[in-house]
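Paired with subunit B in one complex and with subunit C in the other, subunit A is shared by the two complexes that follow.
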Partner chain A sequence: MERTYEYLERLKKYIISYDKPAQIMEVCGTHTFQFFATGIRDMLPPHIKLLSGPGCPVCVTPTSYIDRVIKMLEKYPDIIITTFGDMLKVPGTNRKSLVHMKSEGKDIRVVYAPEDAVKIAEEEKRPVVFLSVGFETTIAPIAAALDLAEQASIDKFYLLLSHKLIIPALKALLSDPEAEIDGFILPGHVSAIIGKRPYEPVLRKYGKPGVITGFEGHHLIIGTATLLKLIKEGKSEVINAYPEVVRDKGNRQALSLINKYFIPTDEEWRGFGLIPQSGHALREEYRHRDAKRAFPVEVPESQDPPGCLCPEVVKGKKRPPECPHFGKGCTPLHPLGPCMVSSEGACAAYYKYRREDI
Partner chain B sequence: MCLGMPMKIVEKLDDAHAVAEALGARRTINIMATPDVKIGEYVMVHAGMAISKVEEKEAEEALEIWSELMNIWND
Partner chain C sequence: MIEDKILLGHGAGGILTHKLINEIFLPAFGGGSPLEDLDDATLINVPSSALVSTDTFTVSPLFFPGGNIGTLAIYGTVNDIAVSTGKPLYLTVGMVIEEGFPIKELKRIVESMKKAADSVGVKIVAGDTKVVEKGKGDGIYINTTGIGAYGGLGTFSEEPIKPGDKVIISGTIGDHAATILINRENLGIDANIESDCGSVVNIVKTALSVGGVKWMRDPTRGGVGTTLNELIMGKPFGALLYEETLPIKDAVRGIAGLLGIDPLYMANEGRVLMVVEKDKAEEIVNAIRKLPEAGDSTIIGEITESTPGKVKIKTQWAERFVPMLPGEQLPRIC
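What follows is the complex of A and B.
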């Protein structure tokens, strides 16, 4: 125990006395929150900058997705929308959100697990659409829920897909000539699914290091210190600093469940536009579960909230306090953009912990 | 992006489900991605599914990686 303490103290001293400027991206929104909540962000010397990345699924879901759900609810009034709670307040075009639709009497239910949506479909006689939004960690339980619906022949369960895959997003970030990222704190729980290996070719190609990091204070210290050391030594390695949860090969069962139902396809991201092979479509034999196909609607061109810097924030190019709306016209109670809505959004994190910057 | 909760397996219900416990609260979770998990073991739960077993330090792979990390700091 004492040895662990000494080890952490040593890493902490290394971080505090680090003498070179470095820009680190924490890809995952939960890391953004944890860097604030643990106080480790305040411990960093001023020349080490933390940039929040695209790992907040709600933040990178395009406005057109919300607009589609609203159109579906208007055209097919008997459907039940099931969703993770974060999606409710995300503004669509003209700031209309699912909260507004719920107040108009539409049947929108928040679930904790995708499987809960399958149970609703089993009990109700009406079609149930699950808002299938998330990265690999969330796609695994979605695939498991779909598997149960298939096994039990629950026909009225549909997915409205907006899956996001992390490796194509990292490629998109790094191929941007304006990107100023020296290394990545890589997402612990996405890595539990995909493992360490998929990161290696992309980070090697761009000569950047990455450290797979857990979410507790000691994880953040180990991850940050190790990443800084790799940056200083000019190494583009990927290190798994969360081995108690992440295996190098990832989770084989989860990956095969995902591959059973989904195939990669081009996907629209807020801030990035279309990223090749960065999302999912249902495999042909399961296309009857596709809510987009089962409940077609015309979605007029969506409009992002004017002046909202969320598209730049998810790429690490702007910090939330740089947005003219931050903390003024845009607060967690009345969000203008999704980065202020989600419990993983960078704007929500800054609002909670850094209101004095306003 | 993906908050997880470490939970202890207290009962296996079928091939796909188990009851898990954390801080005195119990709930049914999906174990399709960790089918060989045993009662008393810990799993990381996200959106109702065990996405990984939480290994204690005896896991060989984990030890190798920790020693890799220690080597970095022993330079």
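What follows is the complex of A and C.
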């Protein structure tokens, strides 16, 4: 125990006395929160900057997705929408959100796991649409839920897909000539599914290091120190600093279940636009579960909230306090953009910890 | 019997106003007070060193578990006087009521105000009512102004605040804000929590009687984080809170997490934040813990030499800054 403590103290000293400027991107929104909450962000010397990345699924879901759900509810009043709570407050065009639809009497139910949505579909006679939004961490249980629905022949269970895959997003970030990122704190939970290997070719290609990191304070200290050392040595390696959870090849069972139902496709991301092969479509034999096909609607061109800097924030190009709405017209209670809604959003993290100055 | 809703005429000074005063206000507030004379002004005896404080209450919703706008209006002003060592003596009450407001609810508010005032031994000596057209207000707003005897609850230590002094909170934090939010924002959660809305008079009196108290505030809007910053800003010392000792109810933590706010910035309506001499800290905590309203009081931090002018919090891993609240936090919380 004593030795662990001393080890961490030594790493803290290494971080505090690090003498070169470095821009680190923490890809995952949970990391953004934890860097604040643990105080480790405040411990960093001023020339080490943390940039929040696109790893908040709600934040990178485009406005058109919310608009589509709203149109579906209007055109097919029979359907039951099931969703994670975070999606409820995300504003669509003209700030209309699912909260409004709910208050208009539409049947929208918050679930904590995708399989709860399958249970609802089993009990109800009406069609149940699950808002299938998330990264690999969430896609795995969604695939499991779908598997459940298939095996139990629950026909009225549909998915409205907006899956996001992390590797294509990293490629998009790094191929941007304006990107100023020296290295990545890579998401522990997503890596538990995909493993360490998929990161290696892309980071090697762009000559950047990455460290797979857990979410507790000691993980952040180990991850940050390891990454800074790699940056200093000019290495573009991927190191797994969360080996208790993450394997080189990931979770094969989860991956094969995902692969059974979904196939990569081009996907629209807020802030990035269309990223090739960065999302999912249902495989042909399961397309009948695609809510987009089962409940077609015309979605007029979506409009992002005017002045909202979420599209820049998710790319790490702007910091939340640079947005004119931050903390004024946009707060977690009355969010203007998704980065303030989500419990993983960078704006919500900055707001919670009151940071206007960094 | 008077109408069941407030009409514009209730504020016009005529017969309806008199009926309102005679049937609602006097039965509650009147009992032996100078209010019964219905004069334009009231003669009161004021001690040579008197404290005065005023506050206006706009909370939404008007009724919430643990209190209502009326009790909030009494305790809010009473507490401001108390943390300045004052024994609260007199209160005035001004109300702006929206046309159509149910008389039954007004009666409920007024009766609970009377009860709250009696519990701290403060007299309501003047009052006023105005009615605004429907849609021009939100039910009812209440202003209270209080007068208290300076030093009536004891005195502060004469020693200046210095590094090593301890920071004490008299109970769990964020209860009031969490209660209001859960009842206002349709969160669809059913948390068993109520506002800490209440008097701090006995807490202040008890702490001052132990001695060694250097500074006190009731951390209402902006919570412990903001109130402590107000003390520390521009000073040659800093403050360090200990995260692990902060008394926060699980329900409050949950609501705060859900809404993306930090309990450190959530309003309290019956707590005292104090800075005390290091050697007296334990004794003060033990003394006030005997009071039912301060059973969870704890030492939550200390005054530091490092980072002067700044408030920090020590987590398990490092220290993070607890800066001043930048903009709007939560409107209509009190």
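Keep in mind that, in the parts below, the second predicted complex is superposed on the first by the 354 of 358 C-alpha atoms of A that agree within 3 Å, B and C clash if a C-alpha of one lies under 4 Å from a C-alpha of the other, contacts with A are read in each partner's own complex, and residues count from 1 in each chain.
By definition in this document, a contact is a pair of C-beta atoms (placed from the backbone, for glycine too) under 8 Å apart; a residue touches a chain by one contact, two chains touch by 3 or more.
What you are looking at is a predicted structure, and each value in this text was computed from that prediction instead of being measured.
Engineer: With subunit A superposed, do subunit B and subunit C clash or fit?
Structural biologist: On the superposed model, which is not a single observed complex, subunit B and subunit C fit side by side.
Engineer: In the combined three-chain arrangement, what's the angle at subunit A toward subunit B and subunit C (CA centres, steps of 10°)?
Structural biologist: Apex at subunit A; the opening toward subunit B and subunit C is 90 degrees.
Engineer: Contacts for A:Gly327 in the overlay, against subunit B (first) and subunit C (second): which applies, first, second, both or neither?
Structural biologist: A:Gly327 sits against subunit C, while subunit B stays out of touch.
Engineer: Applying the touch criterion given at the start, work out whether A:Thr137 contacts subunit B, subunit C, both or neither, answering first, second, both or neither.
Structural biologist: first
Engineer: Does subunit C touch more residues of subunit A than subunit B does, or is it the other way round?
Structural biologist: B
Engineer: One more residue to check, A:Ile40. First (subunit B), second (subunit C), both or neither?
Structural biologist: Second partner only.
Engineer: With both complexes superposed on chain A, which partner does A:Ala254 reach: first (subunit B), second (subunit C), both or neither?
Structural biologist: It touches subunit B, and subunit C stays clear.
Engineer: In the superposed arrangement, does A:Val297 touch subunit B (first), subunit C (second), both or neither?
Structural biologist: The answer is neither, since A:Val297 touches no partner chain.
Engineer: Does the superposition put A:Ile221 against subunit B (first), subunit C (second), both, or neither?
Structural biologist: After superposing on A, A:Ile221 lies in contact with subunit C but is clear of subunit B.
Engineer: Measuring by CA atoms in the overlay, how small does the subunit B-subunit C distance get, in Å?
Structural biologist: 13
Engineer: Please write out, lowest number first, the residues of subunit A touched by both subunit B and subunit C across the two complexes.
Structural biologist: Dual-contact residues (subunit A): none.
Engineer: Residue numbers of subunit B touching subunit A in their complex, please.
Structural biologist: On the subunit B side, the touching residues are 1-4, 16, 30, 32-35, 44, 46-49, 51-52, 54-57, 59, 61-62, 65-66, 68-69, 72-73.
Engineer: If you look only at subunit C, which of its residues touch subunit A in the complex?
Structural biologist: 181, 185, 188, 225, 257-262, 265, 312-328, 330
Engineer: Can you check the complex and tell me which residues of subunit A touch subunit B?
Structural biologist: 7, 10-11, 27-30, 55-57, 84, 112-116, 134-135, 137-138, 140-142, 144-145, 147-148, 187-190, 192-193, 215, 222, 226, 229, 239-241, 243-248, 251, 253-254, 257, 344
Engineer: Going by the contact rule set out above, which residues of subunit A touch subunit C in the complex?
Structural biologist: Touch list, subunit A to subunit C: 12, 36-43, 110, 217-218, 220-221, 327-328, 331-333, 340, 343, 348, 351-357.
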